[in-house]
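Step one of this worksheet: look at the structure below.
Should a chain be cited, it is by its letter among A, B and C, assigned in written order, with residues numbered from 1 in that chain.
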C-alpha cells in the first residue's frame, strides 16, 4: 500500500537523455516506461505492450513515439497506440498513462488517478533555480521499505554510529530533538552549540575559508513532506554568531535532499543529494562533496537492508517508539492518514 | 500442463558421449537422467535413486548400468535395480522409465504413458540423412513458457525489430501472411517478391556464387507440429525464377529447425539449427552460419524472458490476437486440444 | 522442527575473537548473536535490537556490552538493555538470551528453555584436553536438512563411491555393519580385517613409521549422540595384532568429529574435524590431515545438496531403509522421540 495520488521523483533527466532508449522503472509497484514525446516533454506509460505483453522499455524512441522492440507497435505519449505495421490500430486498447512533469532537475510522476494530478503541487525546490546554490546527487537502489529510510533520516542520532568517521559526533546524542507536526509536514530540529565540527563539516569550513577547529554552532532541521521527501537543513556557524540565522560569511550551510520513492513494498529508489549555499561555482567541490556523501549514504544501506530482513522475519513484533523516533513515527502517521483518505 | 504423450527432443548425442557421466535434464517438469545401456542405445529413467533419493545424474555409467554416486546402487535401462553391494535387490521398487529413441541426430523422449509410445511417430527430418544437406545448431536454456517461443517463431514480423541487422527488413511487415491449419499442424506463409536481400541472405547468395544485390523473391513458410516443433522453410531466389520452386542453381534455401522442449511451466530448452540445401560440404560455411544464427537467436532471449516476467506479473491480462499472431494462436489451440484429449 | 532443549555447537572461539565484532549465526531457526561479556565469557542473545529491529550483529562489542550499530543501544549479556544515549532504558523490553558455554574448544548454545539448560550435559570430548591427542577441523555451510548428514555419517558405505580416491575401498561394501541402540545413542560398527589400507590411511601409517602396504585390520565405529553429534572411531592396525584394541605402536587411530548444527529446516552448519591419537606434536601433519579431510568432506556436499533438492521436490516419496541405513534410521528415531517428548 502506498499513497498514490502524489508526485514522486521517478528519475533524473540524464537517465532518459543518453540515447534513443526509453527508461523502464517501477514506482509504487507499477512498471512504467519513461520517454520524451514529440514536443520533448517527458511522459510515462505502462511498461507493457498491449499487443503481446512485451516490455516497451526494450524498444526505441523514434520521433517522440515509443516503438516496441518486438513487433514495431508505436505507442504514443498518452498510452494510445499510434500505429503498427500492417495493422489498423483504432480498436487497440490503450495502456495506462501516468502524469509526468520535469521540474527542478527531476522527473516527477503521479501513480494515482490521472485526473487528480495537479503540477502546482509538486514539491518546491527553491535552491534548484537559485544561482547562489550548487547541487550534486545520485541514485541508490535499496532493498527496504521506504519508510525505514524515512525513520533513518528523521532521526539523525544514527550518525554517531553509522557515520562515525564523517558527520557523526557524540554531541548529537546529547542534544534532545524537538518534533513538530505542521499540517502534513513533520519537522524535527536539533541544535548543538559550541562544539567542534566533525570531519565533513571541517572540510566545508575550509572550503569556505573559515577556521576548521574553532567552536561552532551546528544544526539539523529535518522536514518530512508527503509522500516521501525529506529535506534536511544542515550546517555549522562560528559559535555565538546566530547559528542557523548567522551571516552567510561565518557559516557553511546546505540542504540534504532525499527523495524516497517506493519501488515495491520492500524495495525503493533513493535519490539523494546536497544543495549547498556556499561556493556554488566550485565544481571540484561539488564533486568532492558528492563523493563523500555517496560513501556516507552507502553506510546506511547494509543496516537498512538487514533491518528489513529482521522485520520481514518477525512482522508482528512491536518496536519501540522513543523521543528520537518521533520524527519517523509522526511521518508514518501522516502517510497512514493520507492512505486512509485515498481508500475512502 | 503439457502434452505428455508425444516425442520431445531431449538432448543431442554429444551431450552424453563425452565421458562416463550420464546427463541429467528436466523435460515437461520431470527430472530425467539419460545414459547409454549395454547395447549402446540411449535410455532415460527418473533422476532419483530409489534407495535414498540421490540424483542418479551424479553417478557414473559402467558397462551400460548407471551406478549411483552415493552408495553404488546399479540402475538398469528400464528403471529396475540391477544390483547393490551387499544387498538383495529383488524387492527394490523400480523407478520410472521413459521411452527414448536416438534418431536423425537427436535424442527423443516420451514423457507420457510408456505403453503409448510409438517410435514411428517421431517427427521426420528428411534433411538429416540427406547428403545434399548440411546441419549446424545449438542449445539455449530460456526462462520463458515454451509457447512464447512458438508465438515468436510463428510470426516472423519480429525479425524487422529484433533482428534488424541480419534478417529483418521492412518488406516483412508489408507482406500479409497466410495461415492454414492442416490437421494438427499449422502453416504460416509469407512471400516477398522483387526485394533486396538482407545481410544474412546476401551472405548465403555469395556462398552460392549468386549476385548478392540483385532483386530476389524471398519466402518464409513456418510449420508448427505438435508437441512443440517449428520448422521454417526460408530462402531467396533470383527474382522471377519461381521463388520457392525455382531451380536450386538460382536460389539459396534452408530449413530453420526449432525444437522447443518445455523444462518447467516457465522455462524451456531451445534446440535450434539450420539445415541448408546448398554447399553441404563447406564446413567453414556451416560454422559461419551457425555462429550467425546463434547471435540472431540470442537476440530473442532477452525479449522473451522479459515478456515472461510481464505476463507472470499480470496473468489475467488479455493480449491482442492480430492476423500476424494467427500462427501462434492456432498452434496454441492445437496444444490445448491435445492436452484436453489426454485429460479425458 | 528441532530438538531445542539440547546443547549444539554454535561456533569456534576464533570466530568471535578476531576483533570487536560480534558473530551473527542462526541455530535451529533462531537468529542469534554471540559475543564475550565483561568477564570474557561467551553469551548469545537474539540478533534483533529491541529499539527498531536492527541486527545487533552489525554492532560492536565495547567493554563486554554489545553496542547496536544503528542508534547505540547497549545490550547486556542477558538480553537486558544496559543503556542508550539520551534514554532511560528501565522499561525497555529484554530480548531473548540463550545459555552459552565455551568448552572443549567449541562454543555451545542451548536454543530451548533456558531454565532447563545444564552445562554438565554438554557432550564430553575426552580428547580435547588430552596432550596425547591433536585436533584439526573446519566449518562448512551446507544446504541440506542436517538429518541427511546424519544418514551420511552413520553409513560409511558411501566412502567407496564418494571418496573413492582417499578413504573408499571395495571392502567397506563387503563388511556387514552391526547397529546397536544404547539409550539415546546409536552405534554402527564395521570391521575389515587383513586388507590393504586406502591412500589416506597409508599416509597415516607412514606418519606413524609403519609399513603402508602391509595387511591391516581396519575399523569404523560411528556413534550418534543427540541432538546431532556423530563421533567416529576410525583406524588401521597391522593385521592380527588386535585391531581396534591393538597396541598404539602398531596402529594409527583417530576420532572423526562431526557436529551437525541445524540452521534452518534445509540448511546446516557442519563443524568437522579429526582428533588423532598419534604424533600429536606434529603440526605439519595436523595441517596436512586437515586439508585432506576438508577435500574429502567437500565431496559430500554436492551430493547432499542435490539429494535435498530431490527430496524437497517429492516430499511424500518413500525411501528404502536397508541394513546399511539402520544407523541413520535409528538416529532419526531418537530425534523423533526427543522432539515428541518436548512437545508434550
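Operating definition for what follows: a contact is a pair of C-beta atoms (placed from the backbone, for glycine too) under 8 Å apart; a residue touches a chain by one contact, two chains touch by 3 or more.
Keep in mind the model is a prediction, meaning the values are calculated, not measured.
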>> Interface check for copies chain A and chain C. Shared numbers divided by all numbers used: above half gives same, below half gives different; which is it?
In response: different
> When the Cα trace of chain A is superposed on that of chain B, what is the rotation angle, expressed as a multiple of 5 degrees?
Replying inline: 120
> For chain A and chain C, what's the span in angstrom between their mean Cα positions?
Replying inline: 48
> What residues in chain C touch two or more of the other chains?
Replying inline: none
> Once bound in the complex, which stretches of chain C touch chain A?
Replying inline: 31, 47-48, 50-55, 58-59, 67-72, 84-87, 92-93
> For the complex, which residues does chain A have touching chain C?
Replying inline: 151, 155, 157-158, 160-162, 173-174, 176, 302-303, 306-307, 309-311, 313-314, 317, 319-320, 322-325
